[in-house]
Amino acid sequence: MSTRSLETEGLTKSFGGVHAVNGASVAFQDGKINALIGPNGSGKTTFFNCVTGMIRADSGRVSYRGDDVTGAAPHRIAAAGIGRSFQLCRVFPRMTVLDNMLVGVRPQGLLHRLRGGHNAGDIARARQLLGRVGIDHLERSEARDISYGQQKLLELAGVLMTDPETIMLDEPAGGVNPALIGRLGTLVRELNAEGRTFIIVEHNMEMVMSLSHHVVVFDRGAPIAEGDPATVQNDPRVLEAYLGV
Amino acid sequence: MRSASKAPDGTTGTSGTTFDRVLLGGKVLLLLAGLALVLAFPGLAPDAFILSVGVTIASYAALAVGWNFVGGFTGYISLGHAAYSGLGGYATALLIIDGGLNPWLALGVGALGVAVVAVPIGVASLRVRGASFVIVSIAMVLILLLVSQSWADVTGGSSGLRVPRPFSDDVLRPEQHERFFYLHVALVAVALLVWWAIDRSRFGIGLKAIREDEDKAQSLGVPTFKYKLVVFVISAFFTALAGGMYALWFGYLDPIFQFSILIGSYMVLMSLLGGIRSLFGPVVGAVIVGYSLEYFKNQYGDSQFHLVALGLMLGLVVLFMPDGVLPAIGQLVNRFRPTATSIREESAADLLARTTKTEPRQAEEVSR
Amino acid sequence: GLDSGNGEGGDDEIVIGISLPLTGDFSEPGKGVERGYKAWAKYVNENGGLLGKDVRLEILDDQSSADRVASDYEKLISQEKVDLVFGPFSTRLVVPAAQVAKDYGYLFVEPAGAAEEVFTQGFDHLFYAAPAVADDHYNLLADKILAMPADQRPKTVAYASMDDPFAMGTAYGLKDKLEAAGVKTVVDEVYPPNTTDFSSIAAQIADSKADMVVGGSQYQDAVNLIVALQQLDYQPKLAAFSTAPTNPEFPKAIGDKTEGILSPTGYTPEATYQQNQEFVEYYTELNGTAPTEDEANAWTTGEVVAAAVEAADCADPSPECQQELIDYLREATVDTVVGPLSWDAEGRPESAHMIQQYVDGKIRIVLPEDQAEADFIPVKPAW
Amino acid sequence: MSGSLLLQSLILGILLGGLYALLAAGLTLYFGVMRVVMIAHSAFLILAAYLAWYFNRETGIDPLLSLLVTVPLFFVAGVAMQRLLLSRLRPATLTMMSVLLTFAIALTIEGLLGYVFTGTQRRIQLDYSGSSFEVAGANIAVVKLIAFGLAALSLLGLYLLMKKTRFGQALRATIQHPEAARLLGISTDRIAGYGFGIGLATAAVGGTALALDSTIYPSLHWHWIGPLMAIIVIGGLGSIPGAAIAAMLLGVTQSLLQVPMGTTWAQTVFYIALFATLMVRPQGFFGGRLAQRF
Amino acid sequence: MSNAPDYLLELNEIEAGYGRAALVLRGLTVKVRPAEIVCLVGPNGAGKSTVLKVASGMLTPRSGTIRVGGVDVTKHGPQDMIRNGLSHVLQGHSVFKEMTVQENVRLGAYTVRDKALIAERIDFVKTLFPVVAERWDDLAGALSGGQQKQVEFARSLMVSPRVVLLDEPSMGLDPKTTSKVFEQVVRMRDAGIALLLVEQNARRALETADVGCVLDLGRVHITGPASELLVDPQLAELYLGGRPAALTTEEKAL
């Protein structure tokens, strides 16, 4: 298995005058927990969106494990094994928490698609994951009726349901209770131990520093520094641009 | 802050409590009773007219169920489904008249043809959501109206088109009604079966996800456009079958009545009325609407007042049972269920204890 | 629920089932026909009824919709068990209605399905109770025009017709004859029934400067077209419109600029047939106004069926009786308020329409000469 | 097609386009700004037309004066409709349910019109109905010009109201995030009500303008819905200038195409344009809707 | 304000829930003095946001009373609250997406008539959050998550309320901006405003707050001076993310 996971080359996306992502060439390490940090508006989410095909990049290449996935449709990216969560938490409001999970089941082939959605296997797995993030007691409530943080947890669990090799999380800890953040950390570590790659956008330094093996710092749509947490943390540019001390 | 009303589309995998089991039993009984009633109807009908009303309602039901493939699953409201029933009707008729096909063959071929035509239409119109889609669907039917009116040498234009009878003339009219009643019922049954199969399938869950949040669904690996297109075509197919069947029964096609927004709207009304998220919603809606149409006409005979009556009825339903009749009933039933708490009945401490305890086991579960 | 009326006709009365467009797009003429039918029934009952029995009309509203008209006749025949049926209004509704009647073997005499399509459906039980089918309405006018000296005869004609079998039938009937005689067609427009904006059509007609304008119209569309033409200040030598001009509201609607406008009609209150004088007299005192074509055609329908009933001496749903009625009319010639009527194998009547024209602000018969009340105005004054 | 005819059609097209623009304006207001599928718009249009006709028939006074009655009347009706009916719909299902609800209203109106005025086609008779004046060989009907003037004026007013006033902003805020709007002190119910009232007021003006030079009958509204809706999508939902321009263009094209293609086929121009728009710019040509954010 | 009541915001014995569903808040009491920051912490779904919704009239309690500046406002709707001098910044994202940043900020001053005052405030927020100035005429929906939060906060600064409810103001903000927001919160407190603050960034919040209030199962679990809660090891374990309070100093270093 190559150590090359997700790579971008001169990825660029601008909206009108705003250069959201500006020739970003980044390489994330396979099987590691990567962190992507940067000030508000530095292009992290847009970067995610370009990579996962939610929006088309103006130029540049995206490759995953060696093969080119530039401009592939989101569901293709997902099929390729990349799962992502949204910053502005997105769940299916009028579906029950459990059904929210089941959407993530990745069908193989027509027959599999036509098979019953509520089969024991899928449900059991969904329950496990819900229990993991601590909202399994809500499985029958509709997603619109649970608190914001609970929705974030649900979204995370939903992504895990697709059983991705690479998991891109956009501010998973935002609005989540600290005690639970700790638990999320453990969850991420375990999944990583199973060989899953993580790319996490997060403003919670505590989490980033304690969790990640490799940190990429974005500013104005391009990486200004990368390396292991310790070095990045003390990089003057990072201090200036991001941490602000 | 709206109340936490849960649409009882039964999609909560667990049916553990005795309450649920009782409920299920009730449903089954109701279903069987309904079925028996439907099958016995032609026998019970006092005269050919009542029978013909039955056929009309059955054909409404077929149309509504056809519509509900798109409306119910994807939440795309098409006010223009008359386009497909109309096309179905004309296709069937022309295949018989000009193509010399056997009526039933023509019906099938016609519907398939419409399904094929629906592909490009879907590709074009499914690009937009919400209001725009509604409008596009209306446009669709209006175009076809204009075309079928102007293209007289094929469609017979405004002087209409006579559809040959599938049954020989010695089959008397009441007999015809009876046969067509069963034919329509069979069609509805098949459509429902397919709907049900999709509803419980992963495909179905994907579709519902599209209804809720299309982009999110896509990012979870649901090929949204393909899914939408597929149900759209299925819907067009069944609607066309219903349209063709009606044409065979009624025996006369006139553009104005085939491609009318009113028919399309009726499909929407019936489905929403019954409840688009429930299997039998459209059927129930069709019965209510079909019956009321007859009833109001009968009451307010020669004045436009029957329109008012219909309007008012619909208004009331929308305001007081927005999810449709069936879900409304479902909610009533749910009152008796021990209220599901929506707040965690477990303090942070308990959570901590539980989750830490159970972690190892879950770890390998998840990795499967 | 769907209460089944109170239609079980006892032996003492003959129940006649009718469905009419009392609401919706055709409601205006529909009401006219209804008045005609009612007047006829009243008249018959006051004069000893049919076969000595009273006549009762069972009238339903089909909302101007084809689905409805069919289920109405279904109801009348199978539920109300009426003894006889009369036809509805408008070609669009006649065909589906006739189908039902045919399936139950009923005689079907109708006052309004004039278009050729009605007679090509293989209906052997259908009879149109008016002098001529749509295509022949303008025949007399055509002859008149072709008889004109070459310098007076219009050289170019503009046709505009509603996309409706009847209306188109009339206009195109004339068109065919004039074209055959070498009169040039410069505009040939067909507009959908729901058209409300005629300015573009008018613009084309005005631009073509045609000597004559012919409208295959119902009522309101003709009015709109004429107003639009007035707005463009177009002045033809001859102007003919079907149906509309015979409507009493017509002159006011176009600002009383009616002088010289032509129109075919199957009926005139002035007609000298003895039935007609009784009819006009009776109707006028009943409704306060003289009957128009719609009422007359309805009445005629009544007369025709009555004649058949008297001849066959039966009026009941039984196929035998109905068949007798049909067979009788095949051969018969019936004297009616629109003159003596007889029918070909498909039920087409075999006489001709008259041509009326506004002369001195009043609509009068100008053709055929022998019935003319006024002289034909060959050059229409400006409107 | 001769030059004079071309000019004539062009002028007719512009006059027609003006009317379309006004009629579409209200629709685009509900749709784009309030997320309501207002099927009943054209029904109210016809209602207003009938009121104008009735007013004129009873009093013999010029129908334009009926505006003094109908406009306030419709405004109030709109407010009531929003407050009593539409505000009861769930935001989540608003678009869908409003289809049903407004359809019901449309039916009711059509029914009542038919009930009160019968299905007879009506037309206002004015002594200047047929009169016109000539410009460069083309005739301009007075009535059409008046209608056009009305349209232009009310459009302008509407535009300014939405873009420039505090009310316009509050209205848009209300639609985009009611809770936040309320917390800022905007009484969202009232605002939304007014928004709807204004939409209906345009219908009143449009209806009167329509009645000046056209026949009306209860079921006529079905005939208007299609073109109007096509217009607002092409113009971009919610964009009043968009609707106006699209209406203008389509009005002209339609009346130009009528000469070679005939009335019936010419009507298809709306829908052809609609589908073309979908292919090129699904959000419409002036719809300033932002690219989806994730 | 001499004879001012000693509590600017009082929630007494509140019982509240959504629709017919079970109670979310079960007899909960929270009071905020002028120039005081009360911080609510607690697990997800504890009912923190619900408390704020009740306080701002978005959710009417089934029982209990709400007082702002001593006046009973229990039955008031949200649109009246701003006039009662209470402003509420919602959790998540509540900018008007299809309106420009400018329009958003100006709407913040919807109830303010005084043009000069508005202009002055605008300058203030522009300097506080540069992005507001930079993107003045762009659609707010186009901004990044954090930028939107900044616009929201800016919007809430357009009025001068007596009571401010903040629902996770720092969510999605980068550390730099987070500090700014907390500084601003402190400034408000010093200006005599009563703040009810909900934060998941609990440590940071408790460090800023005067009173801490731990919510669980819709009840006030523990309440007391923020500084004391910070050092309680059991609380740390349950609600503040497992790490001893001592480390917070090192955290500040980041």
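Each chain carries a letter (A, B, C, D and E) given by its place in the written order, and its residues are counted from 1.
Simple rule for what comes next: a contact is a pair of C-beta atoms (placed from the backbone, for glycine too) under 8 Å apart; a residue touches a chain by one contact, two chains touch by 3 or more.
Only a predicted model underlies this, so the values are computations on that prediction, with no experimental measurement involved.
Across the two candidate interfaces, B-C and A-B, the one carrying more C-beta contacts is A-B. For chain B, the chain with the farthest CA centroid is E.
Inter-chain spacing, taken between the CA centroids of chain B and chain E, is 47 Å.
The mean-CA centres of chain A and chain B are about 38 angstrom from one another, to the nearest whole unit.
Centroid to centroid, with C-alpha atoms defining each point, chain D and chain E lie 44 Å apart. Inter-chain spacing, taken between the CA centroids of chain C and chain E, is 78 Å.
Annotation for chain E: residues touching 2 or more other chains are 18, 21, 42-43, 45, 58, 142, 237-239. In chain A, the positions touching at least two other chains are 15, 45, 54, 86-88, 90, 93-94, 145-146, 177, 179. Looking at chain B, one finds that residues 2, 4, 146, 149, 215, 303-304, 340, 342, 344-345, 348, 351-352 touch two or more other chains. Within the complex formed with chain B, the residues of chain A that make contact are 52, 54, 73-75, 78-79, 83-84, 86, 90-96, 98-99, 102-107, 112-118, 123-125, 128-129, 131-132, 134, 137-142, 145-146, 158-162, 177, 179, 183, 186, 190-191, 194. Of all residues in chain D, only 166, 169-170, 172-173, 176-177, 179-188, 288-291, 293 touch chain E in the complex they form. For chain B in complex with chain C, the touching residues are 46-50, 52-53, 56, 146, 149, 157-160, 162, 172-174, 176, 250-252, 254, 256-257, 294-295, 297-298, 301-304. Listed in rising order, the residues of chain D touching chain B in the complex are 31, 35, 37, 39, 85, 88-90, 93, 95-97, 99-101, 103-108, 110-115, 119, 218, 222, 225-226, 229-230, 232-233, 237, 262, 264-265, 267-268, 270-271, 274-275, 278-279, 282, 284, 292, 294. For chain D in complex with chain C, the touching residues are 2, 4-5, 8-9, 12, 16, 114, 118-121, 123, 125, 127, 129-132, 134, 139, 141, 144, 214-217, 219-220, 223, 255, 258-259, 262-264, 266-267.
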